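Dropping the structures in below, format is structure tokens.
Two complexes are shown next, each including subunit A; its partner changes from subunit B in the first to subunit C in the second.
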Partner chain A sequence: MRQLLRVALDLLLEAARRKWFLALFGAITFVLLLLGFSLQLDVIDGAIAGSKLFGSLLFDDIVSANQVMAGLYKVTAYVSFYGGAFFLAIACSDFAPELLAPGRIEHLLSLPVSRWQLLFGTYVGVVTLAALGVLYGAGGLTVLLGLKTGVWNFKLLLGSGVGWVGFCALYAVMLTANFFVRSAALSGALGVVTLILGVVASFRESIAVAMEAGPGRELFGWAMLPIPRLGTLATVSAHLAASEPLDGEMVGRLLVGCLIFSAALLSVAAWRFERKDF
Partner chain B sequence: MWLVVAALLLAAGAWLMRGAEPPERPPPPPVRLPTRMNSDERQRASNRRTWVPLAEPDAGQVAPPPAKDPVLAMMPTEVKRGAVVAEFNAIVNSELGGLMTDCLFGEGDFLGELRDAGLDPTTNIDRVAMIDDSLVVTGDFKNAGWRKFLPDDAVAKGYGRQGELIEVKREDGGVETFATWGGQMFVAGGDEASQKAILDRLDGNGPQGARVMDEGMAYGEVYGVLASNALADLIGRQDARLGETIRQSAKSVQVHMDVSHDVGLVADVGSQDPARTEELRRALGSALSLARMQAQAQGKTEQADLLDLAHVRSAEGGSDFRLEAGLPYEFMEKTFRECIAQRKERALERKDAGPSPTP
Partner chain C sequence: MTSALAVSQLFKTYQGLFGPAQAALRGLTLSVPKGSAFGLIGPNGAGKTTFIKVLLGVVRPTSGEVTVLGGDPQDTAVRARIGYLPERMHLPAALRGRDFLRSVATLKRLTPTDAQLVGLLERVGLRTGEQRVGTFSKGMRQRLGLAAAMLGEPELLILDEPTDGIDPVGRVEVRTLLLEEKKRGATILLNSHLLAETERICDRIGVLDHGQLKLEGTLDDVRKAASSWVVRFQGEVAADVAGFVRTDAGWTFEGDVEGLNDALDAARQAGLRVVAVTPQTRDLEAVLTESLRTGS
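For the complex of A and B:
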């Protein structure tokens, strides 16, 4: 376990050396500043009289601040979930190809670290990196909106946590793909495809009714079963951020199911890694 | 080992996530669709071959012409709107028949009056056919006292070998005609000419040629042929573009409906222009898919299930296609029960309101 964490730590140090952190946090800071300067929320006694984005009127009626904030947090959670997953899938796509680059992998394999520790360590390193990014982005947005409105809602952090679990599944697919074809482009593309499949899996019953009843529809239903329900997780994230009631058992099952999917994909990667000659 | 772990984890994840979704609704039970004649229907068709055309004596003729079903014999060679036959007796005596009769007639006086006149629709009427604007009812009317419903000034005139035309004066001064044939057919609707044409065909005097309906098409509890124009007019009221596509592409539509337990409908659309028919097939298929998705999105799961039973299938090796639809027994039973309850409610309201004041 210590070796695994050491690999993860090495990856984080490597990311810091490559100014990767700087780029990630710079991008998140840019988005936060953009929102900070453009979103004008006039709060008067807990009610928002007008909320303007980029100078154009968003709401012209006086409504409860909590009500506005719930909607705003919801939209933010959705945008963060899908935007964050897409951004991280692209941004993190070259970690695994770098790990498996000729020269580096031979060096790593010569160290007293087993292959599975190398694999899981890389995975833990990248998802930790993503967690830090998510924490910074969601935390920054919470502080920004809190300062602007005087309404402090830390549920956005919880919602972002759900989004991070979704990314864990995406990255498991991306990492595994690299043990079959070492390509950052393919890895990123598969991350995006998994995100889309995750949305399709969430709405598979609605989509299935558009298909003719028969083997095709059955096959579609079964094929979608193991895919993490990323669309539902996005909804869960939005509801959490907006402090709306949720079925705890359902959320738990979805999150654990997503993590189990990640573990299954990593097992496939481990199987492939054990047999691969470098 | 890793692969086994992966497979087990995938299965566990699938099970876990499936449990986080609302329970799956069981698929609606299969509905019997009338796609071909079964042995009972073949036997039924055989038993109905009672009509022998009265041919002129011909020294060269060795054998008499084959016997036919009189309902098929009276069919024209072409239709403007359509010709549809309903197996009335089979329908009212089917599993849903009782509920259907209560829904249509209730416990009103009309059914009682008919029975008093010796005409019990559930036993005396065999089939009901619509041929363009004419309504033909077949059954046993020899001993029925239905004539008591006719006004005193009704005039009955013999027509052809077994036919009879009945003229009844209307309030506006015009004349309404009905026709009977051989104590087993009652013809209403249309005009006198169309009624005479039906009687002529039953006497073997009509135009020769293939009828719009033959014995091979007489399966299901409702069967017949619809002219594409009639269908286009009907659909065109809801969707003008689809109506126009039907008019341009379909030649005719052969319909079969089975109501022995569930309600299953099969419509075979004959092609006039293969390219346009393919367009029509796609349009109908898309409309069904869209309706299913809309019903599902709106949470109308029962409606979505019903639409799930509807399909558009290409006919084998041709440009024709087949539309199938079904209504499960449970749905029909529920619908008829609601209809009966509404009928009773209306009857109670009328009773509570009392007789309407006379001016």
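For the complex of A and C:
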């Protein structure tokens, strides 16, 4: 376990030096600081009497702080789900090719560490990196609005956590692909394609209805079946963040589906890794 | 003498996805005694790197037996006793030299102190443990790789072109280090194209070509495995001596041992007295060239 965590830690140390992640950290910090200094909220007993951004009046009706935060959280959850997944798919695309680079993988494999530890160490490192991004972004906004309104609502963190599960599935595809073809470009492209397919899969029933009945529709149905429904997951994430009611069973099925999908792909990666010569 | 590593009838064939299969090792049988420094030499594509990767469990053999330090290289407990430096080491650019060593130490299940890591870095000539690996020169990277290989005093050191990119002064330092490691009792397997370096470090040599061992033995043996002797006769020899050729080295005989004895008998019968017979030693370049030419 110590070795697996060391592989993950090395990946995080490497990420901390990369411009992509420094830019992400900088961008989140910038947005939080901007909101922190520019957003003025007049809060009276949990209700917002008025709000100004950059000195301009946003609204002057009295609304509950929760109501305002729900709207903001919903938008943030959508943006962080799609934006975050897209950004991370590109920014994390070369971690696996780096691990498998000639001159590095031979050295790692010569050490008393199992191949599965290298594989899962890399996976854990990347998903931890994504989790840290979620915690910093969503956590920062939660704290900022909590301080400004006095109302502490942690639903954005919960919603973003659900979105993070979607990224875990996405990265499982990206990581596994590298054990067949080592390529950062392919890895990043597959991440984006999986995200798009995940949205398509969310509407598979309605798309299928629009297709002509026959083998094409059947094939589409089967092809979309194993793809995690990332579009639905994004909606769930946003609704959770906005404290809107949700079907718990449906959420559970979605999350379990993502986890099974990730586990299945990582099993394929482990199988391939164990048999591969370097 | 116990073997640090032994392979028997080792075959490795790489299956091409579209192209033909490529045989990298063809029935290789070899044993390297514990505590020795074994130099593996041969032309490019001879199978040296594949052989090394098989010893480390990085590549799985198609068939044959592999025993490293008495066990299977797939066993992590066996690999814990090996130090390895790859030919072109790819280091994580973001880490500092000392962080990299710490990372390797953790993966090797070692817990060295900071002082030990700094000491090891200094031993390989790196006094920049705080510098990021990404800013290292090729020679510095190689030195760091060597430090990583030496971490935990492994019983077996497998080094693939250890002085690649290191300047001549640095090469002497690396050679001294390797000789110190040998003195400590470590077995060294050295793959280097620098034959003079191999000659200075190794006491055993193996010539690999087309995946087969063409020649193997102690350094003295392979250098002597010559078919050439220099004979010194008593007094001045005016006329030609049958079977011998006068060269810069003296009266030289080319042929096998039987032929040498016959020629010596004939010289004695001609009234000459033999004072010394010295087998002509060759440098490794000549050994390699000849064994590749003759196939043995």
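What we mean here is this: the second predicted complex is superposed on the first by the 220 of 278 C-alpha atoms of A that agree within 3 Å, B and C clash if a C-alpha of one lies under 4 Å from a C-alpha of the other, contacts with A are read in each partner's own complex, and residues count from 1 in each chain.
We adopt the following convention: a contact is a pair of C-beta atoms (placed from the backbone, for glycine too) under 8 Å apart; a residue touches a chain by one contact, two chains touch by 3 or more.
All values derive from a computational prediction rather than experimental measurement.
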item	value
Contacts of A:Pro245 with subunit B and subunit C, given as first, second, both or neither	neither
Contacts of A:Phe278 with subunit B and subunit C, given as first, second, both or neither	second
Partner chain in contact with A:Pro112 - subunit B first, subunit C second, else both or neither	second
Subunit B versus subunit C as contact partner of A:Pro102, first or second or both or neither	second
Touched partner set for A:Pro215, first subunit B, second subunit C, both or neither	neither
Subunit C-contacting residues of subunit A that also contact subunit B	none
In the complex, subunit B residues that touch subunit A	1-3, 5-14, 16-21, 24, 27, 289, 292-293, 295-297, 304, 307-308, 311
Subunit A to subunit C touching residues, read off their complex	2-3, 6-7, 9-10, 13-18, 98, 101-114, 275, 277-278
Subunit A contact footprint on subunit C (complex, rising order)	14, 53, 56-60, 76-77, 79-80, 82, 84-95, 99, 103-104, 106-109, 132, 145, 148, 158
Residues of subunit A defined as touching subunit B within the complex	205-206, 209-210, 212-213, 225-226, 228-229, 232, 249-251, 253-254, 256-258, 260-261, 263-265, 267-268, 270-271, 274
